[in-house]
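What follows is chain A paired twice: with chain B in the first complex and chain C in the second.
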Partner chain A sequence: MNMAIRVFLLLLIIFSSMYPTLCIYEDQVGHMDWHQQYIGKVKHAVFHTQKAARKRVVVSTEENVVASIDLRRGEIFWRHVLGPKDVIDALDIALGKYVITLSSEGTILRAWNLPDGQMMWETTLSGSTPSMSLLSIPTNLKIGKDDVVFVYGSGCLYAVASVDGEVIWKKELTSEGVHIQQLIYPDGTDIICAVGLAGLAQFDAYQINVKTGELLKHSSMVFPAGFSGDLSFITSDIAVTLDSTGSILVAVHFQDGEISFHQTHVSELGWDFSGPAVLLPTKLPGMFALEINKSIVFIKVTNEGKLEAVDKLGQSTAVSESLNLSEGQQAFGLIQRGDGKIILTVKLGNDWTSNLLQETIQMDHQRGNAHKVFINTYVRTDRSNGFRALIVMEDHSLFLLQQGEIVWSREDGLASITDVMASELPVEKDGVSVAKVEHNLFEWLKGHLLKLKGTLMIATPDDVVAIQKLRLQSSGKSKMTRDHNGFRKLLIVLTRAGKLFALHTGDGRIVWSLFLDSLRKSETCQNPRGLSLHQWQDPHHHVLDENPSVLVVGRCDHSTDSPGVLSVVDTYTGQERNHLGPRHSITRVIPLPFTDSAEQRLHLLLDVNRQAHLYPRTTEALDIFQRELGNIYWYSADVDKGILKGHAVQNNCILKIADSYCFNTRDLWSIILPSESEKIIATATRNLNEAVHTQAKVTSDQEVMYKYISKNLLFLATVAPKAVGPIGSVTPEESWLVVYVIDTVTGRILHRMTHHGSQGPVQAVFSENWVVYHYFNLKAHRYEMSVIEIYDQSRSDNKDILKLLLGKHNLTSPITAYSRPEVIAKSQSYFFMHSVKTLAVTSTAKGITSKQLLLGTIGDQVLALDKRFLDPRRTVNPTQAEKEEGIIPLTDSLPIIPQSYVTHALKVEGLRGIATVPAKLESTTLVFAYGVDLFFTRLAPSRTYDSLTEDFSYALLLITIAALVIAIFVTWIWSEKKELQEKWR
Partner chain B sequence: MDKGKAVMGSGRRWAVEFTDNSTSPSSRDIPDPPGFTRGAHDQDESTVSKQKKDAEANWKAQKAWEVAQAPFKNLLMMGFMMWMSGSTVHLFSIGITFSALWQPINALRGVGKVFEPYKDNKVDLLVPKLAFIALNLVGLGLGVWKLNTLGLLPTHVSDWVSSLPPAQEVEFSGGGIPLH
Partner chain C sequence: MGAVTRNHTPIFLSLILLLLPAALAISPENVEGYNINGRVKFTGSITGSGLPPKISNVKVLLNGGQRVTFLRPDGYFSFHNVPAGTHLIEVAAIGYFFSPVRVDVSARNPGKVQAALTENRRVLSELVLEPLREELYYEIREPFSIMSIVKSPMGLMVGFMVIVMFLMPKLVDAEEMKRAQEEMRNQGGTPSLANFLAGAQRTS
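Let's look at the complex of A and B:
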């Protein structure tokens, strides 16, 4: 047996000593991987439909994406993902051919070519004071020969030539702390008006010459009661705002620099309004909207300046901006939510009572309310105006409505995934519906014959196309049942909108989606958001009838002490099984290594008061927990104070209402990092589900090193407080990076190392007994990657073969951290070319297969790097035996092999995370990379040594076997005959 | 084959005795030729047969020794092959090694059979047998040594602990930076 293992291991080493290349052939793209492109929640949308061959809508989103979308099908024409800090503030179309975006708090102005999305110019507008950023594109104004764009950002007003981005003039408007809220340019005049508030008590209006930027007039007026902050602009000379109490509406007239206030009490508006009102940001003709008492009130401003409430609608109403129709009329759209449907209403600006259009569209309840609506008009065949509406729902999905129907929809919530969890599919059995993709025997044979032709190279070009098609839609790929290789799974993802999606790993389609009620805005929960996903129930053995489920942890508000919400969702059906909350706050979720008889995992949830709450709330779980109570610890890392503390779970908490599932905790140890020299910037722990095959590492000279494998290890990286900023903000002398490996049970520091002249950002990954981290070396001006491997010295004296033979050793007996095993750490550093966004490591079912690091590069690709490159035992001249073991000669930098890009030619725009899931097949791991885009593939770090390739021709094998059997029979008959003849002779 | 058996099974029909071994003249019809003394001839004959037997025994002993020494040549041959096959594990070296192990084992199992034809009361087969066994054991040793050089013998600690699962931990700890 052992010999067999040795032979196997040796063979493995021989195989692995060849550089594994992960590259795939061109025709294999899309075979086991899929890629989906998204844009995120739309913030601004500008239609481009007139005089355009291809009708499109240009959008900017909360994921900082500028995209041009086909209005017919909803496909992306082009798309640009700006950096995470480059938030888009405004978007418009200039000259009918450029998309102008203003981003980074009004400092960067860019123009993109409308047809193909190429950037035409970029202008950096420098300013000193942060302010609102505004963009105004007059339709018909030329300064000299140039069309202009007005930009207000960082306290300055700029006129920029829209053809080349040149700044024509600049005017600073920051005097007296005025916050400009609107630029008003009445068509055909020479004056642009900048209107804003100063210190919430003074209204300011500037009049500026559009040609020269000269300040013509500055008028201001103090409003003693104070404003609430926002202005709503009704016409070019009337603005409306609320006073600081939120009960008095103030209409401001500022015609020609003459400012006057007209106050109206909210209660005077007609309906019985009470309570504070909030002004909604709307741009409606002669109208504005207020939110009072959870309803939206539309208020019209009459020509005499009087305010008049026209209608009251539900809170879930979305209002579009006004749209210019022909003949000087203006229209706007409203979306109201009905039961299982939405109602789109388009009204003329001056007439509330009649509707231009009212359509009812069936809409899934799972999409929530409409958040935004953008309308566009087209001329129908009978010369009347038709309307199309682009709506953004609460789950961030995007719809185009036209003629009462949904033309297309996009699931853009998937652009903002916050957590991923894999779940098994149902086992195939009678009664479980198998998808329609099942083939009949004839089709199967035909497919195999085609493949055979391909193998024998007698396929015609048509056949080749057919083979490729067959491969891509490989029958088993998208079935809804478990396969014996474990490639088919469900990826449960939680999005920022609080929606759960189940994606099929075969083709990436959405199997089900669920907008959790507990993560929806409600009376008790004002700003709910999902925090994390955890495996709640993962039935394996005796409870296979139960469906697996996940735990979704959410929080009602942004602060850590806000109440938490929990819900358990069945991953087969996508139904919420039960939900709890809002209840105690949740700061940490600790999945415990125990499950109850129904294989529900025990979870410990910690609140801000450091009380631990046990879930599930059953007596059985409580029994298990009480039994293990003495061995359960937890630790807290306080980033602000730089304190690491260890705690133990003690006894039941003392509350007003007795709760046997609540436990007090006590402090055990603490590590206080000196705040003047160290600040925590990164931590990493091992994945709890990671399988480790062996504790021994065999070196080339047949010696054994024992890995120190503990789930309670924490990697902690700190930098000098000065070096927290971006790279280059400090000199190498005043910057350092300190890394720790800490046992979180006892608080013992196993290893500490200082990298002088280095700084963050630090990305780290912890697996088995090693940790790999990535940082910047200021002295060498290069990124570096380091590895720390921890070995247990106390076990190394287990050298007596006889004892091992008889099993008389203590290597597998349970160990405690209090025994303080003697450990040694080996470390090595290498230069690395790229900056890294995220780090992950492959994981396999049994942990036998060698590991690969997955690096999310700055170019939004995923690069696989063999762990063998990060081995502290690498030397410049390894011996023959070491070479045989697979140790690579030491080089100062890590190689980037172009073939080992997992994402091959694709990009996962806005890459944020990489999740790896083991398949049932030991050699294979499933990789899911997410950001704005999604990418899924499967990897075999040591190649698929345990299975035949998918291209393997079973037909050829069967035919060969059949031919051999026939040959045996024929020759047997022949020989019989011949022998008989011999005998008769 | 069947034919032969059937004939043999039916027994002898007739036979002619060409040799005349009788010693007494009275039993013969024909008197001995003059000058022929039966007794002298008899004596001579016995010495001849004795000589013959000795020669056979010698020959058998010689043959036995030859058989006993045969593995030595084999040994040299194996040694050469092993040297040729190198010390890395691949199909050829494994094949050589296993044949080097298999041959001596097979030979040792059939020691009795190999020396069967040379069994004789007068021949002392013990020494050749011992030599044969010793040589084969040397061959076996060579095979085992080769196996060891290939690293296929579990003589190291690493062979016994390489698949030991990690030890269980008594304590459990979790937590970290608060969720935000």
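Let's look at the complex of A and C:
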């Protein structure tokens, strides 16, 4: 008997040590995660189609990405994301093999190898005065042996050898405050001309020897009426600009240093123009464009210098730069917006009346207007010119058009996500059959047998491919209905362009997209941008037939006092239900913990006048709000002044027009930080939706610790004003970091701690009763992470069972923020290897599962770190009891285990944020990391203890059961036989 | 049958200390700042099952991403106009683990190299950065072995049954067995698998 128990125990131990680890196998990639690569809104594009091999287009974008894209399919050949401040100013191709980029306000010039994206050289061009940055690559010019690139940046003109980035000569052109606007190099000459304006009233032209950089001639001429600022260059010796009133066109001739002005009044052009004109930045042959009265007027400059209006088009027209055709002719493209379609027109430079090409392409209304167009030519089989056009739409998407069709499109708006929210999918309806998706039993068993082969490593390469295919399209993970585990959801994302996308968590495809009208440029709203997304209606109890919806909050301009726009969008259909605005400004949106009978969540929107506005604007909502008026508190942090304030609602606003949904606010408390020693750099609060399973924590010595759990806790970090700058700008002695934990109802500081010799940037995350933050320790010159855990002491005497039995406990006494809490805070710090871009924490449905921190590292990866590593109760030598509780011995730095990278071998380029969403299955959380790229996966911080793993082999289970049954029969027969023999003996 | 542990420990690869004549890693350019020049080197010892080093995808970051630069084909990189002070350089390369490097740019004696790995405080005579180790992001699938079947839950079930059914009776003395069978015969009941097993267990 003992023996059997012993054997059984041994087996049990082995069995329990067999659970799969957190990390994944290489062939599981793409099984429950997806990764999408984007580039952002294209600013510049250069086609490279000369060689027959790989046709490509090189682009630079507003996300500081330089990329080479396959012209056939729109895939990325290579891509580099430059630093956040390294804005690309110009892009071109030199020598037919190097992509030249000029970035950081004309100070950094880089060359990238066209086939593979390897950086070939990098040159820093130092200058003192900020200026426009220009790049000019002459096609056929050699200085000595080298081909050159001309760069104007920081007030200096440089000639740089394009083969190795060596500066050949440098010429400073900053005298008298001239702002150069164009470099003109007529092919085959020895002179480069730099043309610009000085102080808006003087036109300057420099002539410089291309071989030596010697200034040959500087001519200037004053225009008394003053210029409006921008020059448009028509030919190599004529520029056009507007005077300061915007009503007179000035044509400037500057041939050979002789400058002359020719003025033409806008009204003289005909067409009845009125109002101020704006010069559009165009590069057209012998032509320029003006924007007058919401229409674009094309004006031709004749050889005699006369101006002549040729056409007037709508405001939404996009114009390409001119393109050289074979016989010295030039062409350009125009995109006009029609109803549900766009019209691409290609015209010859000197002939407006006829078209080389006119194509109409169906285009979804949701894409808005065309913002940019780049054209390229190819020779057709009949030797005529064909054209392809790359267009950038208002929603930042990218299209390649050829022969009247869309060859490919890219949804590059998704590279600039500003906010994310998860939404449920519809419940499976009764009549809808999903059984068809599942295979019949034989197919099912076959699939599992294949998987079994895979696990046993006896699969042939063909089988491996079949398994991978099965895995990737398995189990209807991309179905459009809610699943039992809550893995299938919609991710609603808001992009910088003001477009809303719904992504399916199963495979990352776009379910619907909506370009919000309220977030598009209009008369009343000149520069709109989306701010945030909020759950508006999330029906799950009594109004299940209603669809869930989200609230999109936007603002008309960059400043906080600009009017706000609101819009409510149905997440099932992707239709806008209603929109409000532009109305009062919006500084903050506070979702209240109340819902009305239709399960619409109440929101309080604060404006710059410190008035609070209640939404939805219904009497029912108002009733609920009036009832709960005394329980609504919030805080505000004034970073510039260093003041923290607590607020509450007071009474209705006194306005000219009575508005019962508007309330005045009052200040409850304020904390003024000493401005000479502390500056706010980071705040963090708890996620309001976070579920906490238990308040009590039982320690190894049978003690109970009570977590101090309050929704009103604020983590605040301040640094010495000197230490606000980057690392290296301050010495450890004059730098410190102070952290606070503050109750935002009473303004009481629960905990304050100073880290001497430390500085920001600080990333922090607040969850349950703890906060984890990441900062830089200047003394050790390493990054550090600290944890603060707050425990409630007032409940710690509840351990006495006798007292509990006699009812002398305070467990039932109400928790109130007004009573002075007896809290203790425990803290501990550890070194951490990497810089951290963003910090998040996993969240599960009930909060039972242990937590993991998700760190967005500097290498654009996401690392999962167990919260157990950040436990203030860690000691160097934990006792046996503590070890059993799961306390890890204290080490000075946090471990980085490569297998716990959530993004495994992938990168989320330009990582900006990580969102976690609980699944219905308690063990699992959904993680969405976004930046230029998107990455989604499922995580189980304590492993999937409540479900079988995905690769659980049902076939092996069946085989085992069958084997056991057979064994039972065999042994039974065998024992029967033996018995018979015994009897005969 | 011992407890099974999977290979979690990353491969620590030995470092090759390059003691080359100290080149000028920091050079003054103008009044504003100094240049930091360095090199990222993937040593020969680091070639294994990991990803092959692709120099074009390596980023070098100064002070937590304040500035980002890329490697030239020969592995060299440089930061220009860096003010005097203590800086931090990090290398981001998928598949490799680099320690951040502390670089002191001194205003008093320009040209002096002061670089140290923050991870193990090793002082670098020259700004040559090498990966400390390769990073394996995936578990390695163990090749097929009879053990993996035995270790699987189903294998354990079968194994347990086999032990109980075939091994247990063997452990029982032959004499005792005989006696038990004698007893059984005396009882005259029909012998079956159930009391066969029960008998075995009783005796053990």
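What we mean here is this: the second predicted complex is superposed on the first by the 888 of 985 C-alpha atoms of A that agree within 3 Å, B and C clash if a C-alpha of one lies under 4 Å from a C-alpha of the other, contacts with A are read in each partner's own complex, and residues count from 1 in each chain.
Just so we're on the same page, a residue touches a chain if its C-beta (ideal position, glycine included) is under 8 Å from a C-beta of that chain, and two chains touch if they have at least 3 such contacts.
Note that the structure is predicted; figures quoted are calculated from it, not measured.
Asks: Tell me which partner A:532 touches in the superposition: chain B (first), chain C (second), both or neither.
Replies: first
Asks: Looking at the overlay, what does A:794 touch: chain B (first), chain C (second), both, or neither?
Replies: neither
Asks: For A:637, select first, second, both or neither according to whether it touches chain B, chain C, the two together, or no partner.
Replies: The first partner, chain B, only.
Asks: Looking at the overlay, what does A:664 touch: chain B (first), chain C (second), both, or neither?
Replies: Neither partner.
Asks: Check the residue A:590 against both partner chains and state whether it touches chain B (first), chain C (second), both, or neither.
Replies: First partner only.
Asks: For A:49, is the partner it touches chain B (first), chain C (second), both, or none of the two (neither)?
Replies: It touches nothing on chain B or chain C.
Asks: Across the two complexes, find the residues of chain A that touch chain B and also touch chain C.
Replies: 2-3, 7, 10-11, 14
Asks: Would you mind writing out the residues of chain A in touch with chain B in their complex?
Replies: Against chain B, the touching part of chain A is residues 2-3, 5-7, 9-11, 14, 531-532, 553, 555, 560, 586-593, 604, 606, 628, 631-637, 639, 646-647, 680, 683, 685, 688, 692-696, 698-699, 702-704, 706-707, 709-712, 714, 744-745, 798-799, 801, 804-805, 811-818, 884.
Asks: Considering the complex alone, what residue numbers of chain A touch chain C?
Replies: Counting only chain A, the residues touching chain C are 1-4, 7-8, 10-11, 13-15, 17-18, 21, 23-27, 29, 78, 80, 82-86, 110, 113, 116-122, 124, 126, 455-458, 726-730, 761, 776, 778, 780-782, 833-835, 837, 857-861, 896-899, 901, 904-905, 907, 953, 956-957, 959-960, 963-964, 967-968, 971-972, 975, 979, 982.
Asks: In their complex, what parts of chain B are in touch with chain A?
Replies: Touch list, chain B to chain A: 88-89, 151-180.
Asks: Can you tell me which positions in chain C touch chain A when the two form their complex?
Replies: 1, 3-6, 8, 10, 29-30, 32, 51, 55-56, 59, 61, 63-73, 78, 80-83, 85-88, 90, 92-95, 97, 99-100, 102, 105, 118-119, 135-144, 148-149, 151-161, 163-165, 168, 171, 181, 185, 191-193, 196, 201-202, 204
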